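Shared between the two complexes below is chain A, which has chain B as its partner in the first and chain C in the second.
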Partner chain A sequence: MSSATPDPGTAGSPNTPDPTTPLGGPQVEEASPSAGGVIGDPTVADTSVPAVRRDTLGEGDNILQVRDLRKEFPITKGLLFKRQVDAVRAVDGVSFDVRRGETFGLVGESGCGKSTTARMICRLLDPTSGQIDFDGTDIAGLSRKQLVPFRRDVQMVFQDPYSSLNPRQTIGSIIGAPLDIHGLAKGDGERKRKVQELMDLVGLNPEHYNRLPHEFSGGQRQRIGIARAIALSPKLLIADEPVSALDVSIQAQILNLLRRLQRDLGLSLLFIAHDLSVVRYMCDRMAVMYAGEIVELATSEELYANPSHPYTRALLDAVPTPDPDARARRLAERGTAAV
Partner chain B sequence: MPPSNAASAAPIAARSPLQLFWGRLRRDRVAMVALAFIGLVILIAIFAPLIVKAFGLPDPNFANDDALNDFGSPVGPSGAHPFGVDDRGRDVLSRVLYGARVSMLVAVIATAITMVVGTVLGLIAGFYRGKVDALLSRVTELTLAFPTILLGIGLSISCADGCKIGPGSASFVLQPGLAIVVLVISLTAWPYVARLVRGQVLSLREKEFVDASRSLGANDRRIIFREILPNLTAPLIVYATVLIPQNILAEAALSFLGVGVSPSTPSWGAMISDAIKIFDTAWWFMLFPGIALLLAVLAFNIVGDGLQDAINPRTGRSGK
Partner chain C sequence: MTDPQDHTPAPERATATGTSPAGGDAGRRAGAPLLEVRDLRVGFGSEDGLVQAVGGISYTVEAGRTLGIVGESGSGKSVSSMTLMGLTRSPSTKIEGEVLFEGRDLLTMSTDELRKVRGNEIAMIFQDPLSSLHPFYRIGDQIIEGVRAHNDVTKKQAKARAVEMLGLVGIPDPGRRVDAYPHEFSGGMRQRVMIAMALANDPKLLIADEPTTALDVTVQKQILELMDRLQRELGTAIVMITHDLGVVAETADDIAVMYAGRIVERASVHDLFSHPRHPYTWGLLRSIPRLDLPRDVELVPVDGRPPSLIGLPDDCSFRERCPYAAGCCRPGMPDLLGADGAPDHQVRCTMPPERRATIWQVLADGGTPQEAATKAGIPQPEEVA
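So, the complex of A and B:
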């Protein structure tokens, strides 16, 4: 398994510029299975196996605290007078913290609610209930106008590098849009200079300022999306499956770019993915989501070494391994087969 | 990849999207010929009186009895009248040149009104959805069910002596003629534009770049005008170039039926209508306005195709 995935020792060490946040140490100590328990979440009782959590909510220096976040999409009936007959619970009582300067991973299969969670945190969707504390302010109930200053601090990198860039705008106006909206560049000259700095920072040729998105490859487009997201110097960057639409060879470049930017700019990163090897490479801590709930939350190392929830084990066992013998051994050691 | 590009790409000058678009359009020779022809028609429409004078042609409404033969039938093309004369001895070439004025005026004004009304209503319906959309969509369907020709005939008959429109001092009197033609065409053509725009907006507003703009803190106005509207320019320009020939034909049809422009105004449709009575003896009377109408409509359609290819190079016929 270690032959297939990047160096597992990276978790926790290089991405944390802030020394006041101890990442590896204390959580690993209290991570014995008996210490992990259900954290005040009544809905967890629905699942046969309780959620496993190896840290306590609210400890450490948190930039983001999500508490009991829920999103229900109503199912309506009737043509003229719509009445709600039921609701899909896409996110069902999710709670987690993102520490300042860390990379927090959110993993799960398609449709488990991880993207919905991300879209609620940057308020593209309105939560049905729950709290989103960003830097001490609950932003879950803020109106669109009240949200404007907060937009500068939380930015998102989108999954699809093709539909996330307006095909009719030049790269210059795409990356310059956040500067325009928040009035951060006076005059065209300053705007162009700032945009070209950003392009250089993410590894794009600043000469391509006037080009249109369709003249770029997928990887370059994702760099454009990243440049737009960091234009406002956000504190928290949400990356919603930023590499799942890219070639494997390009994935590594984009992941390394995100890590470099995180280190250089002191970003906190909420990283969403379904590919466990990617998350393991990127994240200090991670949460596993299943059917709208978090079933396990631990440091990346701990989660890989000792997965407690059956769904986490199934997810880990599904990671492809080039060596069939190693895969058989791994399954035998765990005493499980893929569910 | 970008780092290695940096050195080699430096001397390449950046080209604006408009330059790229123009470059692609220029390569389409048929469209360029059609565009040149449209330019010519527009120039003729503007300078019709000067051109008529320069060629020494009679005024379009000058009925010259000498141009009719002994039996009162019009004479065919000759040196004095290159396109012949009509049943009242009026010069056909002169009338065809003046006819371009009516066609262009109706086409441009009616198309502009139609596009603006349709785009605004379609944008509102598609962007805000819900009850606004339901209401606007019903109004659209109601308007679609309106018969253009009957509306034109009805309006021009009931307004034969002028209709007062609007309240009090802000009112204006609607006279039969050009104003009614433009009104009828605009009233009945906008629903197609509104439907087209609404459908596009419904799909565009779900794109991730709209989400991205919203998460940057953009307001509705910025999203509508900066993110969505630029993506509508291609279908709108294409639809406008389809609509212009349709409106030229609609004007011709209304004039043909006698409810368009006033009888003395030279209009291609009205000329064809007049020519029907003497078609078997005076073929030139119907042929020349017919050719003018055909060429103008054809040119707009070809340019519309060319524009579509130039705006969407990846979906073009030549697969560039």
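So, the complex of A and C:
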């Protein structure tokens, strides 16, 4: 890992995996990446990745195969003749599969590259190198025009339900827009009927067809975003932090909605979040990302029962448990079990 | 720091704050509460009418203890705490009640008097450490300003205090970093700077409003451990405001659950999690995914959403969303009363204790609210409708 690895926005923040560092002492958090511990060390990272990967790539019926995906953002210098002096490796050789009909989770802290990965899979960002096999076609190098049929099959649900809906469009036209673009609704009547079916499916009142986004709460807006995303019956739905902007009681409503849609519609779901308990609830299998790399990939049960990478263990250990007795037990155990 | 009359400048006292546990023990001595909030009401005038953000809350905080205030957005948890600090004062705000800090009413203090308390005896940490620090000034200068505003010390002494505090909160090389600008720090480090700034004058009370919400979990853990350690060493009382039940379970001694501007349940951290008594608390506990429970235990969201705070009727504000309201609710706002056999565990619900126990038993075992309601003999919503 070079000095350019951490996220451009929050330099230094991913380097916090060592739970044993005493608080009063020097913090790994501010340390340079090369001093960031095992995970930051290229030699250790390179040998440990194959060791922790319990998943066999290329097996099963995959809707999506990602191989050695990389994204570098150049760092330039000079005003007129910009020359590249270095690059931020936001995603550094990521490989995973999403099986048909499963929910696959990507989990990690800010700046680990999980959103960049999602955006490359949607081709909202162009990968620097690597393969994205979607349903048998490598879409990593396709042009905008070639991508048109693929756009129907991959849809995205965004994090912020406030900024991802056009405030001047009615709910009907927001959810109906994908139908119009792909010419799937003939005439206004059919479009309205289809949109209202979708609204009903995600738990919105179909009579609110003509309302504007500001008339809805955050949870309802997220339902609108989900209805829009499933309007085209996509083969793969990518949900990037779909609940992190929502209150806890609303969060559960949206998680259960996504679980129900996934089951009823047979969707394949790529679910991205920073919250481990949410990802565990949603996903069959999951990958933990750290500094642009996947450090561990396993089924949810396995990963939580036997985390094998030190970063996964640190991450799990850091999640606060809403059970004061568990906290006391853990504090008691900590004396003996050093991670 | 436990004597109200003690006005020794902080830098001189600071030598004793290193690792001495004496402060913490003395801070926990029995007696009058450090902070007592009595029937606090805060309303904001708006075009549509008065928004009653806080509808009458009372609580006490003892020296050296941590009170966790939990609630969702709009529950009034932040507004109530900002009101303590005088940060909601404006001509259109209607504030009633009493906030006694060591016997002095903060609400009736003039702005000048309050300014002497604020940042000195009571300090606050906000959610977003980037927007709470001034980007143009070195962090050291920002800490020094706070120290010199309340203590008659030279700039040099104040700077020494700033360096000491930065070291205390775990900033490496504090002597050099004191001259750095906020953008040179990561999110977690900025929050440490905020904590250093807040604690620079040895406050007796620290109000932390979602101090870790903007941070990654591994950083959150470090910040929470830091606050815990500083509390033990300095004896500071903490009001921890958060939406995260996990965070309060890890940090608080007592918990108040807020809903629609009122406290609906108040108990020690152990009682609240082992025997939650309010239906809203049940709803919260069952709607968060947990790592310590099997994966297939389905989440049970609280249906509906919080009521509008304009013209809120004098009635249980949770009734609309409560799955157990049928058959056991009486009209009118229930009082926050001690539960049966546990006077320190207060709940704002009139449900009979046996029924409450039956329902929570079913919910705790992973049952749905419908199953729980049936077991408790409550007609189900469908049947009622």
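Quick note on the criterion: the second predicted complex is superposed on the first by the 273 of 339 C-alpha atoms of A that agree within 3 Å, B and C clash if a C-alpha of one lies under 4 Å from a C-alpha of the other, contacts with A are read in each partner's own complex, and residues count from 1 in each chain.
Heads up, the rule we're going with is that a residue touches a chain if its C-beta (ideal position, glycine included) is under 8 Å from a C-beta of that chain, and two chains touch if they have at least 3 such contacts.
What you see is a predicted model; the values in this text were computed from it and never measured.
When the two structures are aligned on the shared chain, A:211 is found in touch with chain B, with no touch to chain C.
By the document's definition of touching, of the two partners only chain B reaches A:228; chain C does not. Shared-chain residue A:72: touches no atom of chain B or chain C. Contact with chain C, but none with chain B, is seen for A:316 once the two complexes are overlaid on the shared chain.
Of the two partner chains, chain C is the only one touched by A:251; chain B is not. Touch criterion met: A:155 reaches chain B, while chain C stays clear of it. In the superposed model, A:166 makes contact with chain B only, not with chain C. Of the residues of chain A, those at positions 219, 253 touch chain B in one of the two structures and chain C in the other. Within the complex formed with chain C, the residues of chain A that make contact are 10-14, 16-17, 19, 23-27, 29-31, 109-110, 217, 219, 247-253, 255-256, 274-278, 280-281, 300-301, 304, 314-327. Per the touch definition, chain A reaches chain B in the complex via residues 119, 122-124, 144, 147-148, 151-152, 154-156, 158-160, 163-170, 177-178, 181-182, 203-205, 207-212, 214, 219-220, 223, 225, 228, 232, 253. Those residues of chain B that touch chain A in the complex are listed here as 1-3, 5-6, 9-10, 12, 14-17, 207-209, 211-219, 222, 226-227, 230-231, 233, 314.
Touching chain A in their complex are the following residues of chain C: 72-73, 168, 170-172, 185-189, 216-222, 224-226, 229, 243-250, 269-270, 273-274, 283-292, 295, 298-303, 305.
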